[in-house]
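Across the two complexes that follow, subunit A remains constant while its partner is subunit B and subsequently subunit C.
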Partner chain A sequence: MGLLLSIKKKFSFILRLFFKKDKMRIGIYGPPNAGKTTLANRILRDWTGDVIGVESEIPHETRRAKLREGVKIEVDGKTLTIDIVDTPGIATKIDFHDFLKYGMSEEEAKRRAKEATEGVIEAIKWLDDLDGILLVMDSTEDPYTQVNVTIVGNIEARGLPLLIVANKIDLPNASPARIKSAFPQHTVVPISALKGINIENLYRAMAEKFG
Partner chain B sequence: MEGVQLSLISKERLEKMASMEKLRMILDSVKEGKIVVLESGLTPEEEAKLIEMTMLEIDHENFVGIEVESYPYKEGFFSKLFGKKKGRLTVIGPANRLKTLEKKEDLITALVKIGD
Partner chain C sequence: MPHQCTKCGKIFADGDVNILKGCECGNNKFLYIPKVKGREKEELEEQFEKIESVRIVAPGTYEINIEKLLERDEIIIALQENGRYAIHLPSLIKKKKRK
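And then the complex of A and B:
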């Protein structure tokens, strides 16, 4: 069973060339507070008119993966139909004390921290059921973190198509160039999911990568 | 003498260990407050598994997670062909003791906190 899974992972990119799916299941990944839900909501607002989840400045707002099926994106006359999975932020540490500064009670902070740990596990498990990844990074932060490196490594090991989304370019200290230089082997698309800046470029890149 | 225990584990020793054995050893050591340095690191899949196991063991009191830092994976001809990537030097410690100050492609600078 393990061998079969390993073979499937290793040659999945070859299989994809011959057996393209009608509908791709795309996961939105990244560290907490990178803007994953903001991006998911932007895509859904643009193409379906609704949203998938609550956006918040408090880390680990999304603690359960959320799936929206059958989102149709039209770019340059081509239609891309995708299922979107908005995943919880991946982290190596979750300290409930970090939530106290947002005015939560200790009990509430501990509950959020516990749910966040479950969310990280859920996000990692989802990697085995996806056909492509949008990896969201905050352009104002150092992209060279272990979480980003681990996510990219796992996506590459599975042979999944990957687009790196350099988010928050509307902020003054944003540097998408830093992300490009940290991950030169991948396509990086600078956007602001919040303001919708460059979002058309992202849809074009998605159609090219996942279509 | 007061201090933080460092365990430097050789590539040879790591190669003899099964993945779960390796991850269990790392997590048990880190939960005891030790810093573990792996000469040959972990594969991306092992790192993801380590994060999963860490999340299961966070108790919100004594153990809040881990800090991991390693150099990026090197990709050679065979790793491109077969998708198997080998890890490189990796430092793992308890999140409340080990803090990364700077990470570059060829340099990791970290701070180790001694005592509480």
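And then the complex of A and C:
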């Protein structure tokens, strides 16, 4: 099974090189509260005028993956048409106690924890149906986490095109350089999805990587 | 702790005078490289030994084994610490279909 899978992955990688799809399905991944939905909303607001989900400071706000099809991005005269999948935050531990401080009832917090756990599984299952990944990291946080390292390693093993988005550069203690040094083998684009800072560079990088 | 150039990624040993002069690539910004702590490493190794993809530690508290979820299609849920497991059948059946 393992050998078959690796052959399948290699073969699909070669196929991708020669026959690029006219529409790429791009997943937005990352730990909770990295700004995945804020980025998805930014992309959709810029190119379609609407939004995909609710942004919140409470972790695990997005607990189901959300798909938006046929988003046209135009960069330097080239058009890139993508489907965007906003995924729930990937975490190794989910504890309802963490939600209580946001004023939730115990019952509500436990339900959120359960849905968030299902969300992690759903996010990972989506990886099989994607053509490229935007991995969002919080520039104010240490990037050397189990979640980041594991996801990057798995995306590399699958041969999926990957762009790392160093988000929240509008905050004073942001250090996108730390993310660059943690993952020097990948393109890292520093942005603020909330303020729209450097977003043009992200679109350019997306056109280059996924176009 | 060693330092790493933020531009070219070259690593300098702790106390290296070249850190004061700047890197060969012309950059003069360096980062401390954190060492993987012994306990974290142990925890990581433990994760690899586990068979479950999700452990229910207590109602509302979950531990998710991302490595297992990524490498296996089937979902195995461990119920607390007493050796009880639940196997999610739809994920197993789906895997067989794909074959």
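We adopt the following convention: the second predicted complex is superposed on the first by the 205 of 211 C-alpha atoms of A that agree within 3 Å, B and C clash if a C-alpha of one lies under 4 Å from a C-alpha of the other, contacts with A are read in each partner's own complex, and residues count from 1 in each chain.
We take it that a residue touches a chain if its C-beta (ideal position, glycine included) is under 8 Å from a C-beta of that chain, and two chains touch if they have at least 3 such contacts.
Just so we're clear, the structure is a prediction, and the values are computed from it rather than from any experiment.
Student: Give one word, clash or fit, describing how subunit B and subunit C relate on subunit A after superposing.
Tutor: On the superposed model, which is not a single observed complex, subunit B and subunit C clash.
Student: If we overlay the two complexes on their shared chain A, which of subunit B and subunit C does A:I90 touch? Say first, second, both or neither.
Tutor: After superposition on chain A, A:I90 lies in contact with both partners, subunit B and subunit C.
Student: Would you check which partner chain A:I124 touches, where first means subunit B only, second means subunit C only, and both and neither mean what they say?
Tutor: both
Student: Look at A:T145 in the shared chain and tell me whether it touches subunit B only, subunit C only, both, or neither; answer first, second, both or neither.
Tutor: Only subunit B is touched by A:T145; subunit C is not.
Student: With both complexes superposed on chain A, which partner does A:H186 reach: first (subunit B), second (subunit C), both or neither?
Tutor: Neither: A:H186 stays clear of subunit B and subunit C.
Student: Check the residue A:R25 against both partner chains and state whether it touches subunit B (first), subunit C (second), both, or neither.
Tutor: Neither: A:R25 stays clear of subunit B and subunit C.
Student: With both complexes overlaid on chain A, does A:E156 touch subunit B (first), subunit C (second), both or neither?
Tutor: first
Student: With the two structures laid over each other on chain A, which partner does A:A113 touch: subunit B (first), subunit C (second), both, or neither?
Tutor: both
Student: Which partner does A:A177 reach: the first (subunit B), the second (subunit C), both, or neither?
Tutor: second
Student: Indicate the residue numbers of subunit A shared between its subunit B interface and its subunit C interface, in ascending order.
Tutor: Correct list for subunit A: 90-96, 110, 113-114, 117, 120-121, 124, 127, 142, 144, 146, 150, 154.
Student: Under the stated contact criterion, what part of subunit A meets subunit B in this complex?
Tutor: For subunit A paired with subunit B, touching residues are 9-10, 90-96, 110, 113-114, 117-118, 120-121, 124, 127, 142, 144-146, 149-150, 153-154, 156-157, 159.
Student: Any idea which subunit C residues touch subunit A in the complex?
Tutor: 4, 6, 9, 29, 31, 34, 44, 53-54, 59-67, 69-71, 75, 99
Student: Per the contact definition, I'd like the list of subunit A residues that touch subunit C in the complex.
Tutor: It is residues 1, 90-97, 106, 109-110, 113-114, 116-117, 120-121, 124, 127, 142, 144, 146-147, 150-151, 154, 177-178, 180-181, 184 of subunit A that touch subunit C.
Student: Considering the complex alone, what residue numbers of subunit B touch subunit A?
Tutor: 43-45, 47-48, 51-52, 54-56, 58, 60, 64-70, 72-73, 82-85, 95-96, 100, 103-105
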